[in-house]
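In the two complexes below, chain A is the common chain; its partner is chain B in one and chain C in the other.
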Partner chain A sequence: MSAKVGYRKERLDRGIKARTDDIFAISTYREILYLILPRVFVIAGLLIFPLLGDFTGVYWQNVIVITCTIALLALSWDLLHSVGLVSLGQAVFFGVGAYITGFLAQQFGLPPLVTIPLATVFGALVCTMLLYPVLRLRGVYFGLITFALPLLFMRIIETTKVLGGTEGMSGLPALPSIAISLYIIITITLVCVFGFQRLFETDYGLVLKAIKDNDRSVIAAGFNISWFKAQAVFIAALPATFAGAFLTHHYQFVGIPAFATDYSILPLASAIVGGPGSFFGAMLGAFLLVPLSELLRDLGTLRIVIYSVILLIFVVGLPEGLYPYLRRKYFQFERVVSMELEEGGK
Partner chain B sequence: MEASVLIFGLVNSATLMLVALGFSLIFGLSGVANLAHGGIYLFSGYVTWMLMNYLGVPFLLAVPLTIIIAGVLGALIYWVALKRVRGLHLSEVIATFAVGVAILELFRWMGFVTYEFTLPVFIKGSVDIAGVSIDYQRLLIIGIGLLLAFALWVFSRYTKMGLALRGMAQDEYTALSIGIDSDWAAALSMALGSAIAAIAAISILPLGIISINMGYEVLIMALAVSVVGGLESITGLVVASIILGFAKTITGTYFDPKWMEVIYLFALVLVLAIKPSGLFGKFKELEERV
Partner chain C sequence: MSKETILEVRNLSKNFGGVKAVSEVSFQLKRGEALGVMGPNGCGKSTLINLITGFIKPSSGQVFYQGKDITGIAPHKAVNLGIARSFQMAKPFYNIPVYKNLIIPLFSPRVRKLVGGKFGDRDEAAIHLLEDVGFERDSSIPYKAAGSLPHGYVKRLELARCLSLEPDLIILDELFSGMSMSEVASILPFLERLRDEGKTLIMVEHRLKELFRVVDKVVVLNFGKKIAEGLPEEVVQNEEVRKSYLGSEVDSSA
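Let's look at the complex of A and B:
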């Protein structure tokens, strides 16, 4: 009996990965660098960028501000997704944050230093309370309601003419300078991405992840999952409302576009392209897609078509996303190994 | 006044029902929340327009052609995209959402936004009923809506194909075990739903100009009706259309017409928050919330 020989690919952790898995094993600079270099690269790159103002020009500095905004929204989406809530309307968080800031700044003349934190926390609270009744919904229903909410807000503002109506509120106080804006939003983005990553390594994060995987067994384990989901929505809303509040002062304007589809579909596409579930992925996606969309600015709304197609390709063809792929290449290697095939096997 | 509320309420209800039928059919039969519904609806409108204006196809031929093209598009969306993410509800939603936005924004980019984009009505003219002047097209919408709802009711209860699709919706594994092909059934339901969206588009769009934002609006209308009525029942669909249609008309007549469009969104959010299975939904009650 001669068994046929076939080949398959095998994936193994690199030696250095295995050695650096445990903190006690780190002994050489090479291993330490292997661990921290990717992080240092990201952090240093982002922190040095604002210093290169003369070289990059104000245009690209603005692009990075918008990129970070979308990255924050994508991080927020990713956190919700990690709890099993798929949002099709990140614009609702963004818009609520933006409008609260605009209202505070215009009505009470408060400086950005006060309005942004207030709008972030208060906006997140408002969003949590808005979504609390529907947190029990599973699957597509949560997506449907988040899809409808920004449109509802848009219509209500348009119809009742509250908060400036279709005109919006303009002439709001500006942030001191573009460099300061950049540092603020870059710092917040980095804090969020590393913070969320850390949060999901704690026991608390484990409960959140478990809710996505199997909510009923989490109930059976004696957790009040509605309460946990509400907390997750609050945490997820924070970066998104911050993004809204921040961009309001950056543009010195808030209006109906704050609830526009762009703020829903771009973060969604970023998170999916980068790889949902890993917060770095959401950030990576935003840093790929937003500058790309700036390069394609001349194409008008065709850009939205392009995002949609990219989104479709990734969600259908590469659901894993880019970040897990890169991560795998960094930590693992592949080799071809032979294997015996049984008679009639493939 | 009352007569006009009654008649226009009926027209609005029929419009809503037509718009929602396709969406509700797909959701009820294959469990896919087809967020590309608005896209397919507008796509059909533009295809009819293009057939007539670019290729000079007569209206009577353009209509069946459009319905067939829309059906093929629906089946294609299933075979190309949805088949690979079948069962992953969230990916399905994101995929159809992406398709819908892509179609709508593509037409916006191509400049299909001006006043020349209108479809002809079937029969010109209007008639007076109880002192209210109403055009034939609006009356036809009522007729087409009722006819389609009835046809679907018969199809899903008394034909083998309809029964097979319903079986698939109720219990996929059992249906598979008695030889119903799951992919075939889902693709067919997508095709049917899209064809119905095309019928709705061809009958409703002649009432005004075709605009891109209609696509998003239609999706919201379809969602509202399907969710309020319960996602798998035709009775629920009819009742929800009547409730929302009259709510819309009454708001428009006695309050401010601006509030008319808010009604759907408000109803949608309210029903999802209180009774997500809708007024008439039954068998998904346990699954959709915890």
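Let's look at the complex of A and C:
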């Protein structure tokens, strides 16, 4: 009747979670290091990248610019999602930011230093006012409106021939150098990630998050949720309109492609693959999907197939998203321990 | 000792298509009074509450609060005037820890104004409120996501959310539904204390025995109409009320 010996996995959690989900009782400097190391790694990596121009080549520097652009759009998507608004048309923010910049640069000959901030803020205002009437729509209905908006803008510009029509506006002022461009967009991306993260830790952010869970109870707590949602849309629009404004000067061109579906789909895919709700996830997703799609570019038509399969694998295999998964694993250790099995037990 | 009227409802009606959910209902409530609203299922109790609190706009009639006409007011404005209400189908903020559920009302315009812009510690205030409604301070429950709360606790949290707004008028829509006998028994003294402290209360309730321990007077609805109003012991003797309830419930609690 001797007991058999079996094995099971034991799980240990790092970062002793005390009482709440957001207070960590940290015991040693090693624990602290363990917590901040991934951030330091990411920040340092991104800040060093622009210095390695000779090594990486202009092509990959451009890829990182696009990656950050999509990351910014994905962050914007994630913030909207956090208040329960599912956007299927991030391109509208991008395009509005891009066209305002182009217009300001071409009509008034303003330099990027002026056009980009102006277009970012003013574009976000325009988008907020555009979406304000449909903020009370939920889920798919809001999504459909946002999906239609970029297409609408494309058609308007095409048929009325305003803002350069199908030709677009070219020969706009360039940014000083690719290294400076990289620094600007990388810094903005990092500021947004950490900024949004912090925003959602404040009481104000808590209200935004609560709107998604149960808007009725937020009203019953005395908040005007239309007004709060409008604020959320404005904040969410900022990185996206910035991305449009920035890329306009980067390409020295703005045209109908600014409203292209790519700018809606890629951010959405990035946020979903990375894991919505964490902001880091949205950024991680963009840094995975955009370079990947570049790597697959040589494969021609097969590219879309492989790309879709990879997307599918992620969405089906890791429904919680890549970032939450990695984070969980990072704070968990598994070790195999022996255990006694009862006779007849498994 | 005439106290001021805090709430007056005048000929309030609401039609949903052909259905008269609330029809020509009038009553008054003085500050410090506790009013019970009763009536069979579907008689319009929740609709009446929604009309008063602005969640539904009335088809006709008026609502006066502290002498002001607030008919059809935006619901968040009613809250900031001091009317707090609970929902029959209470839902917490699932993804937010239980005590943080209360940070949201504690952060509301009304509370921020009452405390004069500065607020010591919202977390501490939230934990206190939870204790008041029967959460154990030293358990881990207040720190878990509210999605994992058992139903009885969801209702307590709903009550705490109302109280956190420091309301002048508290409206509770079937707070006891879904609570066990013992849970109701444990929350009752707290409600009685609220009444004794002079809070103005409206309670919609099916559990009459418990309701009558708290309220001073009741309004009875049937098919959207007010069929009786008065002291609990008077109302249960009313023939029409007995008929609407088919006897049983009223008998057992009288």
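One rule holds in what follows: the second predicted complex is superposed on the first by the 284 of 346 C-alpha atoms of A that agree within 3 Å, B and C clash if a C-alpha of one lies under 4 Å from a C-alpha of the other, contacts with A are read in each partner's own complex, and residues count from 1 in each chain.
The working rule: a residue touches a chain if its C-beta (ideal position, glycine included) is under 8 Å from a C-beta of that chain, and two chains touch if they have at least 3 such contacts.
No experiment lies behind these values; they were computed from the predicted model shown.
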Please indicate which partner A:Leu118 is in contact with in the superposed arrangement: first for chain B, second for chain C, both, or neither. neither
Have a look at where A:Ala230 lands relative to chain B and chain C in the superposition and call it first, second, both or neither. neither
Output check: A:Leu288 vs chain B and chain C. Expected answer is one of first, second, both, neither. What do you get? neither
May I ask you to decide whether A:Ile219 touches chain B, chain C, both, or neither, giving the answer as first, second, both or neither? both
Identify the partner contact of A:Ile265: answer first if only chain B is touched, second if only chain C is, both if each is, neither if none is. first
Using the touch definition from the top, say if A:Leu326 reaches chain B (first), chain C (second), both or neither. neither
Once the structures are superposed on A, label A:Leu35 by its partner contacts, choosing first (chain B), second (chain C), both or neither. neither
Any idea whether chain B or chain C touches more of chain A? B
After overlaying the two complexes on chain A, where does the chain B footprint on chain A coincide with the chain C footprint? 216, 219, 225
Which residues of chain A touch chain C once you look at their complex with the stated criterion? 19-22, 203-204, 206-207, 209-210, 212-214, 216-225
Okay, in this complex, where on chain C does chain A touch? 53, 55, 74-76, 79-80, 84-85, 87, 91-97, 100-101, 103-105, 107-111, 122, 140, 143, 145, 161, 165
Show me the residue ranges of chain B that touch chain A in the complex, using the header's touch definition. 33, 35, 80-81, 84-85, 89-95, 97-99, 101-102, 105-106, 108-109, 216, 220, 223, 227, 256, 258-259, 261-262, 265-266, 268-269, 272-274, 276, 287-290
Over in the complex, which chain A residues touch chain B? Could you list them? 81, 86, 88, 133-134, 136-141, 143-145, 147-149, 151-152, 155-156, 158-159, 215-216, 219, 225, 261, 265, 268, 272, 299-302, 304-305, 308-309, 311-312, 315-317, 319
